[in-house]
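Submitted below is the structure of interest, expressed as structure tokens.
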Amino acid sequence: MLSGGVMRMSNRDFKQDFAVFDAYKELVYLDNSATTQKPRQVIEAIQKYYFEQNANPLRGLYDLSVMATEAYENARKSVKDFIGAESTREIVFTRNATESLNLISYSYGRANIKSGDEILVTISEHHSNLLPWQDLARQTGAVLRFLECDGSGAYTEEQLKQALTSKTKLFAIAQVSNIFGRINPIKEFAEICHANGTLIVCDAAQSVAHTPVNVRDLGVDFLAFSGHKMYAPMGIGVLYGREELLEKMPPFLYGGEMIELVTRENATYAELPHKFEAGTVNVGGAVGLHAAIEYIRKIGFETIMSREDELTERAFEKMKSLPYVHILGSDKAKDHHGIISFTIDGVHPHDAAAVFDADGIDIRAGHHCAQPLHKYLGVQSSARMSLAFYNDETDVDRFLQTLETVRGRMGIG
Amino acid sequence: MLSGGVMRMSNRDFKQDFAVFDAYKELVYLDNSATTQKPRQVIEAIQKYYFEQNANPLRGLYDLSVMATEAYENARKSVKDFIGAESTREIVFTRNATESLNLISYSYGRANIKSGDEILVTISEHHSNLLPWQDLARQTGAVLRFLECDGSGAYTEEQLKQALTSKTKLFAIAQVSNIFGRINPIKEFAEICHANGTLIVCDAAQSVAHTPVNVRDLGVDFLAFSGHKMYAPMGIGVLYGREELLEKMPPFLYGGEMIELVTRENATYAELPHKFEAGTVNVGGAVGLHAAIEYIRKIGFETIMSREDELTERAFEKMKSLPYVHILGSDKAKDHHGIISFTIDGVHPHDAAAVFDADGIDIRAGHHCAQPLHKYLGVQSSARMSLAFYNDETDVDRFLQTLETVRGRMGIG
Amino acid sequence: MAENIYNEVLIDHNLHPAHMHELSCATCSNDGLNPTCGDQLTLNLVIDNGIITDGSFTGVGCAISHASTDIMLDLVIGRSVEEGKHLVGLFLKMITDSITDDELDELEEAGALQSIAKMPARVKCATLGWKTLEKLLNENV
Amino acid sequence: MAENIYNEVLIDHNLHPAHMHELSCATCSNDGLNPTCGDQLTLNLVIDNGIITDGSFTGVGCAISHASTDIMLDLVIGRSVEEGKHLVGLFLKMITDSITDDELDELEEAGALQSIAKMPARVKCATLGWKTLEKLLNENV
């Protein structure tokens, strides 16, 4: 009776929190992996911050600035709790997951990776978790190696063990692929890496909004994600790093707020995490992220996951039954966690997306920032539908209806 | 009768646009150089974006994403017009001025500055326009040299000419110092630099909100500023660079959206300005900046400048008459453009700020991210009051009243 | 919700592109690339005495880029290089700006792509063939 | 608007710090630094047989750091190193957390700094002397 349970709270319930569905009553938004919509609670929290607590934080000696500092540091605390970090010193606010990953590459990477070292990534990484390592390899003379997935998009422990060598300094992998939707066994991989003296960087951009993430349980060394994919505003992201590692890393960006003492020629740097937060920080963004975390907590991961899995299954089973539709990755709905990338025989993904758009259904088409994976799979590009808990059965059904008419409307069959 | 004219539109007029003055009716906010308050128009524009146009822009094939792309690129166009750039290709959105300056240092600097080259900065630079160059000098073996100001905080053309050598590759200077409030003759300095084959980087963090800035007229090669100091939200900044320079520079952050083609080992990068905007961009922040520019336009720089200058003079003349108050920089009000840094005999700036806070007046105290300058001036730290056009005579008078009582309340005199 | 851009003309040229084939006697050819989606186009032309006497294309692309390229070849084959350049100019103007009714008439069937102007994400698809043609004509004077 | 933290005790110790002077016979001294404002403090102690028999401080700082340090020295001079450590612990607890009324009594005049806990930006000023003392006592057992 799970289905009944889910439906009881479904339909328009959650959409009411999202003003965009008021603005466009017929909107079917299925591009949640690209960015999620924002609940009123989040935007209101930002507004409240700007109207009642706005000041430059950290150094201020007056009430408003103290409030801004508290708002900012409370957001940090909430992120720490959300991902189960040990200390707020391990939580660095960045602009987005991409910047978090670049920070690791520039700061940790350039100081620790040497010529001849190996960096391991998977073939399904998002460009944001690939290009920083390409650059690092170029800069240091390290070698970039790839783990290749099987047809279902999976990587195995055995495979990882074989790929690791005594030279592998770092392994970068997404917890959830933005193409396959599959959850990688990060905890097991972390153990294998650590037994080999290899650090593991986890790209959690696609996981934090959809499944509980606990860095201590996972045992990862670094973890990166973006606010905008978890109901928070754009312009705020997070880097988690084990304190011991962050402590030893040189700064990345240099400027105000990240220093202790500055002379003409030199500077000493502030304590963690401020060492990595140069210039005026984004309090409004952090407040928005804090509100998004509270919002997620209120809904609860149990509800989020059961709704998303249920809707995934509903879409998946029908799609699988259409002979001209081909799904990338696993042929089991339960492996997809809200993300279904697919192709339609005879119809270019761009055209498919345009036809969906004509029906008011928002999906994505292209290479989804994963060109090497598409090449590896022998697919030029693909379409992708991705769900959030606020989607409902009507959304899925409208998606499926259009899917069944796309070929006809393109003159095929 | 300028005073009368200013007063006609003064008093509560502009404060009505700023909700914070509704929340705290007695608030005297005089820390505008640190960050400005935000008008309702700006926050409403952000809300409207999130509620009606939010999507991941640039690659989207559906209406919402097209709207988000337009919102973002219109913001860029508005910035281009605001600072008189030739093309939107010259406008890169960053997180803040600090990141803009780091981008120049990492991307332009590491590719072009060599061991033995000289980088010239002024002694009054904000840490954000000093530390990136310190780091660049450390990384490349270049030499960092300093231009020292006179007692009024001024730098002369003669002095610059003498300081430039055939090895000086880059000169970094603020248009307006955040301590002195003085406007540096950037246009003249740019000419001198270019005659010497030296690039000029202009830190406009303190100028853009208070005086018209035109990059073509100034002739600068790079210009950096932050949204949050010009009535826009935190988390959005701008780097202007001459197209010809940006074109040749390597990317800074690597990831999604800044690429054309990606293979396992390599990538080609997107056109300007996207090459420098890795990962999901901050549309909400850009929209807020756009609204802030429109807001500034509506008020008009004429009004902004005449109000700020008038209020500066009102504060300045009284402060100058108090024997125990010492103002940093010029002894002429007209050189200060809304920024007055000062010390009070016998009272530590921190204590002064706390006494002001007790009276509901927000000022800043400390080194204002300019430690080398304080050392050069032989001042441990200072207090600073900084104005925006929304301040009024009552604000200044309340500031002055408290100023006259500070010593007494600290048991002195 | 966007209007449906896949009108009959477009669908027809996509499904039955008259000019999508190899062309062994091509005097010049050029590769066009749409990096945002990885789509790729090879354009072949036979230019004889300043006249475009034949043309073809191959490659991977969406309906809009295929149809647009096919329509383009219909339009320019038999015309002079100069006329070809003029038509490319008109087409790009139609997509990125606006054109008069007279100009629209000159573009014949290519006018069916006018509504693409409202879809910035597809502009590159629609103009891929035309920009490739422009390069070819400019290089082969 | 914050409450006025400059009560009489604080003002008095700032204006007339009994212990702000050099101390040539100091058996140990230590430099404390408040990097956020560049303020700096040198603390001198004479420890004789486990007892803090004298102490002084010099340096640049705000009223809160001076008064706090002066009050601290009033409190610890004449006590054992162990008692000193205990009182430092109590003071830090008062500023960063909260303490009982009994504990507050133990701190005597230093209790006048309790309201600093509400001013995070000044916590470093108030605790500079105490943290420097803590380091000194730990190093000189």
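By written order: A, B, C and D. Residues from 1 in each chain.
Rule of thumb we're sticking to: a contact is a pair of C-beta atoms (placed from the backbone, for glycine too) under 8 Å apart; a residue touches a chain by one contact, two chains touch by 3 or more.
Because the structure is predicted, anything quoted here is derived from the model rather than measured.
Asker: Over the chains that touch one another, what is the least number of steps taking chain C to chain D?
Answerer: Counted as steps through touching chains, the separation is 2.
Asker: Please identify which chain has its centre, taken as the mean of its CA atoms, farthest from the centre of chain B.
Answerer: Most distant chain from chain B: C.
Asker: Just the number, please: Cα centre separation of chain A and chain B in whole Å.
Answerer: Once rounded, the distance between the two centres reads 32 Å.
Asker: When the centre of a chain is set as the mean of its C-alpha atoms, what distance in Å lies between chain B and chain C?
Answerer: 47
Asker: What is the distance, in whole Å, between the centres of chain A and chain C, each centre taken as the mean of its C-alpha atoms?
Answerer: 39
Asker: For chain B, which residues are shared contacts with two or more other chains?
Answerer: Residues 59-63, 65, 261, 350, 354, 357, 365-366, 371.
Asker: List, in ascending order, every residue of chain D touching at least 2 other chains.
Answerer: If we look for residues of chain D contacting two or more partner chains, we find 1-2, 36, 38, 119, 122.
Asker: Where do chains touch, given as pairs?
Answerer: Chain-chain contacts present: A-B, A-C, A-D, B-C, B-D.
Asker: Could you pull out which chain A residues touch chain C in their complex?
Answerer: 26, 347-351, 354-355, 357-360, 365-367, 371, 374, 380-381, 409-412
Asker: Across the complex, what residues on chain A touch chain D?
Answerer: 59-63, 65-66, 69-70, 260-261, 268, 270
Asker: Which residues of chain A touch chain B in the complex?
Answerer: 19-20, 22-24, 27, 29, 31, 34-35, 37-38, 43, 46-47, 50-52, 54-56, 59-65, 95-99, 101-102, 105-106, 123, 126-132, 134-135, 144, 146, 226, 228-229, 233-237, 253-257, 259, 261-267, 278-285, 350, 353-354, 356-357, 361-366, 369, 371-372, 375
Asker: Quick check on the complex: what are the chain C residues that touch chain A?
Answerer: Residues of chain C touching chain A: 1-6, 11-12, 14-15, 36-39, 60-64, 119, 122, 125.
Asker: Provide the residue numbers of chain C that touch chain B in the complex, in ascending order.
Answerer: Touching chain B from chain C are residues 1-2, 33, 35-36, 38, 119-122.
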